[in-house]
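Chain nomenclature is as follows: A, B, C and D, assigned in order of appearance, with residue numbering initiated at 1 for each chain independently.
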Amino acid sequence: MIKVGIVGGTGYTGVELLRLLSQHPEVSLQVITSRSESGMLVSELFPNLRGHVDLAFSEPDVDLLATCDVVFFATPHTVAMALVPELIARNTRVIDLSADFRLKDAQLWEQWYNMPHTAPELLEQAIYGLPEVNREQIKSAQLVAAPGCYPTATQLGFLPLLENNIIDPQHLIADAKSGVSGAGRKASVGALLAESSESMKAYAVAGHRHLPEIEQGLNLASSSPVKLTFVPHLTPMIRGIHATLYGRLNKNIDLQSLFEQRYANEPFVDVMPAGSHPETRSVRGANVCRIAVHQPQNSDTVVVLSVIDNLVKGASGQAIQNMNIMFGFEETLAINTVALLP
Amino acid sequence: MIKVGIVGGTGYTGVELLRLLSQHPEVSLQVITSRSESGMLVSELFPNLRGHVDLAFSEPDVDLLATCDVVFFATPHTVAMALVPELIARNTRVIDLSADFRLKDAQLWEQWYNMPHTAPELLEQAIYGLPEVNREQIKSAQLVAAPGCYPTATQLGFLPLLENNIIDPQHLIADAKSGVSGAGRKASVGALLAESSESMKAYAVAGHRHLPEIEQGLNLASSSPVKLTFVPHLTPMIRGIHATLYGRLNKNIDLQSLFEQRYANEPFVDVMPAGSHPETRSVRGANVCRIAVHQPQNSDTVVVLSVIDNLVKGASGQAIQNMNIMFGFEETLAINTVALLP
Amino acid sequence: MIKVGIVGGTGYTGVELLRLLSQHPEVSLQVITSRSESGMLVSELFPNLRGHVDLAFSEPDVDLLATCDVVFFATPHTVAMALVPELIARNTRVIDLSADFRLKDAQLWEQWYNMPHTAPELLEQAIYGLPEVNREQIKSAQLVAAPGCYPTATQLGFLPLLENNIIDPQHLIADAKSGVSGAGRKASVGALLAESSESMKAYAVAGHRHLPEIEQGLNLASSSPVKLTFVPHLTPMIRGIHATLYGRLNKNIDLQSLFEQRYANEPFVDVMPAGSHPETRSVRGANVCRIAVHQPQNSDTVVVLSVIDNLVKGASGQAIQNMNIMFGFEETLAINTVALLP
Amino acid sequence: MIKVGIVGGTGYTGVELLRLLSQHPEVSLQVITSRSESGMLVSELFPNLRGHVDLAFSEPDVDLLATCDVVFFATPHTVAMALVPELIARNTRVIDLSADFRLKDAQLWEQWYNMPHTAPELLEQAIYGLPEVNREQIKSAQLVAAPGCYPTATQLGFLPLLENNIIDPQHLIADAKSGVSGAGRKASVGALLAESSESMKAYAVAGHRHLPEIEQGLNLASSSPVKLTFVPHLTPMIRGIHATLYGRLNKNIDLQSLFEQRYANEPFVDVMPAGSHPETRSVRGANVCRIAVHQPQNSDTVVVLSVIDNLVKGASGQAIQNMNIMFGFEETLAINTVALLP
């Protein structure tokens, strides 16, 4: 049984952490902080937790947080980088779901987030929490930067192709469709049901903050530099990411086998049979990425379909997968649930 | 560990049984039948079950079913009444999620279903599987008729009022709103997304088949005969029932306390604080009924808001709750999960 | 050709006015104001208007507005009552879509809106813009208070019953379901797609601001005082109100004929054939109220189903219907369009 | 005033034709056929047409149809090719919304539709009804093959690039997202709300029937043969297509000007300002294609965003645009309406 704290529990990744951690047999939830809702019962804000979580939100208190074995940050960027250094110094392990420690290059971070990074010394030490790539380093990590939702779906789809040098790394395309919960639980006109349901649109085509994170990860897998065109779309649904990935093949190869072998031992990546079309609902609420690979009309263009639940394998579920690895629990403990369908 | 069979596994109550039973530590799934999909892997039809259920659908075989400790029927009406008598005769216990054994009066059944009932001798013996009313009889039941979705939400909302004779039983109104999954997983124009999303409508106002079931249950709780106006509505969402119930009060009483006391020991009925407005999403995927009671403007009209997930507390979850009771497991085993929100 | 101004054009009733007025052959749009978006092209905020409306938002300017023949207010409450007196004084006619002039009783207004009414002297003069009741007075009105969305659907459904004294006026129930656009185009967590889709909930059961407006209208139709239980629900769709109305009959009468006769000459009230279940999508984008009347199980409870598009017959379309009447145009001019289905 | 007939009026393109034609000042609707619903009032099936269309469905009768000036076919493929030859022979003009006459090559048609084409002699004569390409030929056409929905959005987006030889025609990618109404108004499990809402999936990646139609059109615009990777996706909304198009640039050019000039005189193609992200809702119910062109990160990949309403500019609206051209009416007559937003 480990002691767990959560900083920033009022957003969607927060409530999703609570849903999953409250059913984790090795976790004792100690504290959950929120400046805005301090004093309110968590279950008052999120009635699905009634009877499952008795905690109230409290003001962030680094002394209290430091008594935890691990602290999750489910916060907007800049919050974690202010608090994490002290927690690390006091030997509390940290899993950050925000963007603060995902990029290795502080300059690049500052360019995309338009502000200085205040804890650049931790960027090197932070482990990028994609278990399918970094499982060994995660085991002993003090600080894990949990990947973003688009980056998870996109990297898992491109990795087998890039690791084997069979596509042109300079012309990658990721056409990604995300549910609206990806925009977070904050008041905004654009995410109103009356604005975003019954409609489809691309956004941030000129440049989305997940682009450098994805390129960083793909570059590590590729023997030569990658260049990605990344077009995210807002899709009228709550949860789910469908990444449709395009690459130009430079050799003929059995793509189905390639993917199956790459992920044969991965508990949370499901390579579907040839010809499949994964649906996001098949992963709703579940910590799994389902992938299908196609080569339409036998052309030289490979199409990879990769779906996740943005709040689970794309955020909180993957964060707990990291926790399980860090603390020596079975990797699938408490997150091997079945997706809710229909 | 008990052996479990399912007859009719291709509908929504079937896949929901599989989702929940596949994570039940005391259950060994033996067989799941489907005439139409015999031979197909269950996980091919329902990809959310990949990695969780390895069974294939098979033709119904009463000898095989009879080797189970309990068989669930997740079938359209008339299927169960054809097979159940033999299973009961061979000491296999049965939980029927269909309408075949819910009504005690075979005539009434025939009137509403327009065909003869072929196993009327079992109607008396069948226990109506609403644990909040019949928990004791369920323990030793051979045959449980799991309640319908509308009847569950409506009865749980009216029971405290009728049991205490504080409303006029002759003028009950249930205005119920159901998600489209209540119509089942069968091809029909009316349930197409393009027909039923972005729209709201009442249906079957002249008379819905759940009406006699509800009236039967309410009559048992009431000291004088009830008369219910029941107006179901098709709501543009997948899961959830919101029953808004109206009664005319004949005395002044602390309604909040009345409800809290009635359900104080019920693990799956949550009486919310005074002034609450339960949302169906707060029970999505969870086996719970959340209730709030109001007396607007201090008039003599009481308003009860009662929400369930029609596929869980309104069907498969409640069926497993019955199974837990029947086999002496902890009543909440494997169904005490947190609703998926958002 | 009349000159038309709009105050407050950035909300949903504003864009809906623009959609309809831009295709009205007798209207010349002169000015549309918005403090927050002054200077921005209307079609930049609402791209559906590209090529149809060339105006930009401007600061409210009473001199400019006073040059118009009629000014619509599509504003939150309190805005109209500050500007309308001067416009009326300068002989500009006004159609107010907000709540400022709907109630005749300033005290009642203050009680429900928690602030003083600053133009109580206009309350008597203001004509309540429900053409099915007040057509004659509307013709010469200087100031029309366009009805709210719930009040339109509810009154049109109850009127035939109350005008003929055939139901108990003390026990009326209106169970109303509204699409989310009813909450307006303003940032709020509760109206996010991720919060309000795939869910159903009642709200404001203790008392909604439309309650006194509805009761005022029903009292005018009833020979004895009415008492209404009004329960609004937030429904996961953009547009539409479905009001399900319940009354206790005190005599037996041909309800279908009663409704058909009442609305025989009304261009925008459609009494559907006996046994019908109107869908909100059948009025999407159209200025019509469709009604069906039922007497389920031949009990003494009458059930009226009344559907409108909350932004059209429940707001902007009805406002233009009033304008047509006020200026002697054909009442149906430019608003007799076909609903968008599917 | 021309006499108009419709064959096959029970589907979504049929009801959309009726919505638009019933408000067309130069059209007299003579006949609408449906084998399955013969005798039923059109407005009984589609209540949005109550008060607007008085016709009943009738059995197809070629003599009656031949009295019309123009007959629309809103039928599944194979129906038109059986009836059209006789109508053409009797000098009735035809606008076919189905796929029967879109491909010029009968072999190709047979390969994709798995059956012989029974009127191959008309393929050459049929004019492909994309006014932005074939306006002149449409004027005198006897038989117009109205384009499919995906082909309309995709061709309008690629045309300026291919006509000017600035992208590699051998590596075109169209990632298209369609609302569910594209699947038609027929009972099917996959298009149920409970199956297709709250989910996103690709389909027919191996080969969709619109692929040869698109390639045919693009080849006509390109100086060298095109090769397209076309990935359609089912999107949880009723109406709308969002095509995201990718091409590799072979020269640097002002893309914004290129698109603006190409469509400067087109009433129904709206090139949005640089940096725009068109939403499908901005064209809901309207006969317009909105386009934005991007060159993200200044790479050599051009991204075109092209949105239409699949039932309007992608089907019935465009068919009426063709009719207006054929009969010398103003091209925008009765179809220049404003999209319904929100």
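Everything below uses one rule, namely that a contact is a pair of C-beta atoms (placed from the backbone, for glycine too) under 8 Å apart; a residue touches a chain by one contact, two chains touch by 3 or more.
Computed from a prediction, not measured in an experiment: that's the story for all the values here.
S.K.: Provide the labels of all chains in contact with subunit B and in contact with subunit C.
M.R.: Chains that touch both subunit B and subunit C, as defined above, are A, D.
S.K.: So which chain is farthest from subunit B, going by the mean of the CA atoms in each chain?
M.R.: D
S.K.: Rounded to the nearest whole Å, what is the centre-to-centre distance of subunit B and subunit D, using the mean of the C-alpha atoms as each centre?
M.R.: 45
S.K.: Averaging over Cα atoms per chain, report the distance between subunit A and subunit B in Å.
M.R.: 36
S.K.: Which subunit A residues reach two or more other chains?
M.R.: 12, 181, 185, 194-195, 197-198, 236-239, 278-279, 281, 284, 342
S.K.: Could you pull out which subunit C residues touch subunit A in their complex?
M.R.: For subunit C paired with subunit A, touching residues are 12, 179-181, 183, 185-189, 191-198, 236-238.
S.K.: In the complex of these two chains, what residues of subunit C are touching subunit B?
M.R.: It is residues 171, 173, 175, 177, 179, 194-195, 197-203, 205-207, 211, 227, 229-231, 233, 235-240, 242, 244, 246, 248, 275, 277-281, 284, 294, 296-297, 299, 301, 303, 305, 307, 342 of subunit C that touch subunit B.
S.K.: Contact residues on subunit A for subunit B in the complex?
M.R.: Answer in residue numbers: 12, 15, 19, 22-23, 46-52, 181, 185, 198, 238-239, 270, 272, 278-279, 281-286, 288, 290, 311, 337-342.
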